[in-house]
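The same chain A turns up in both complexes below, where it pairs with chain B and then with chain C.
== the complex of A and B ==
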């Protein structure tokens, strides 16, 4: 017996179902098990993943800022300069470097970073932010303010 | 990883420093399949009539094949020097777009489909001065020393103890007494 009219009762949902679901599966490609392969399960977790991605954009910036700050603090503490003093001294010397650049310098160019701590320390001592016992060790560092202050027109 | 939808992480790379010295175009051959009659290949046919010869003249290192195939969508298939192949459908594309995509395939070194770039930059030498190590700012004489060392075990900035302050005051007082006696 061949039932030819049964075929007519099949409702096609449309020709693009494969590609519509494929867009979801692309986002779920890294998931585990049925969350990766079964559509109705995957769509739920894809929605959650997208929400996390939206929230995470803000959190990533905060986390990276904290990471850079930790690194810069560790690096300048090694040279006996506090983080706040360091940044204030740099800003007052017109060296506008952001946390990311400072952290990269601290990791990859440590001697450049040491020079920056020297400049910041010198500026801080000159401006009275920092009280150092042996400020003579800073004499090798010269900042702009020293030259203009000491060489006054007569 | 048999999951074809998973994007593989990749780094920016140029094959054997291409472009640092001489630049060699990495596109080896390009196959343009089109239909001679169907409307979806109109842009492709227009491109073949107008812009293709210029493209071939400007890029003598690229072999261009034309394959007229009836009742098929128009396609560009690119093969690179490292063996990568990439095909893209240009169905209903205008001829300017086809030229644009062809230029992209020409300037690529490999097929980037299914890859996500981890970083938009790459360097083999991230550090010039040498990366920081815990030994960068350590005194090397510490290599030849046996611990414990009394001096290094002391705190760096010890404030004056009250005993020391009293002693100093006492000495000052004594000096003042002597000087006042001398003044008399």
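== the complex of A and C ==
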């Protein structure tokens, strides 16, 4: 053990009360009022904060998922594709992108995202999921399914 | 930041003014569309903490169409805070008092009750008719698609067209049309 000062050396000998409390005070450092100075009050609020932190780890994932979905939905709407159709079309085209990647593409690479919606729509129309009035506009889009289906012997 | 990037940034976060014609529209369905544009939920850059919402100008709110018998059955509650201060107002009464209120409340209630809601509502401008001040009108650059077609009333068709409309039978001569 390395002691940086005489004070710490003295404290290290007795019961570990000081060090035990200091761990709690470290966690309570950013609190306001007596919550950060008085141990019996600090420990209650540290407990509460740790419970929030535990719950927050799950909530953060849910929140981010909702945010990504909102963004992708907004981008889908710009290209007149439903969110469910879009995701199903991508899965059927073997394009396994998660929500985060799709949201990033929608935000930063709008042309890439447009291409993805085209592919998803093309696949949805080919598989009979979607009945588009102007499906001719998708004629220039080629999915892997088109090639394999046309090569397959009938 | 280069000049191009700077302009791109401005264009991305520019606040767009949308026009929405509420004539013959269901205010509760319209609220979902209006809310989406007010909060910026229609943009891929959406984030709750970033101010990416647009302005929506609603016209003809006096001509909204409530579904079913909602005019008679829908009740708006208000309490002054004093004992006996509760009051219940029917939708048609509220609409007579202020023809923008039903739509305003529909949009307000469609959003989550947080601090941002009041500021988001400030970006919603509702007019009972199509008389919009010029300084507002000149900002508008987009019109939101109405959710349903505005039906044309029978007495608004020219009389000649009504008479010449093909019919299956003629009424018997002794039939009394109400």
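Observations
Convention: the second predicted complex is superposed on the first by the 134 of 154 C-alpha atoms of A that agree within 3 Å, B and C clash if a C-alpha of one lies under 4 Å from a C-alpha of the other, contacts with A are read in each partner's own complex, and residues count from 1 in each chain.
Everything that follows uses one rule, which is that contacts are C-beta pairs under 8 Å (C-beta built on N, C-alpha and C of every residue); 3 or more make two chains touch, one makes a residue touch a chain.
All values reported here derive from a predicted model rather than from experimental measurement.
Of the two partner chains placed around the shared chain by superposition, neither chain B nor chain C is touched by A:92. Shared-chain residue A:29: touches chain B; no touch with chain C.
Looking at the shared chain after the overlay, A:103 reaches chain C, while chain B stays out of its contact range.
After overlaying the two complexes on the shared chain, residue contacts for A:75 are found with chain B and with chain C alike. By the document's definition of touching, of the two partners only chain C reaches A:67; chain B does not. Between chain B and chain C, it is B that contacts the larger number of residues in chain A. Applying the stated contact rule after C-alpha superposition, one finds that A:114 touches chain B and leaves chain C untouched. In the superposed model, A:122 lies in contact with neither chain B nor chain C.
Overlaid on A, the two complexes show chain B and chain C touching the same residues of chain A, namely 75, 78, 106-107, 110. The touching residues of chain B, counted against chain A in their complex, run 3, 5-7, 126-132, 136-137, 157.
Residues 22, 25-26, 29-30, 36, 75, 78-79, 106-112, 114, 133 of chain A touch chain B in their complex. By the touch criterion stated above, chain C contacts chain A in their complex at residues 41-48.
Taken in their complex, chain A has these residues touching chain C: 67, 70-72, 74-75, 77-78, 103, 106-107, 110, 113.
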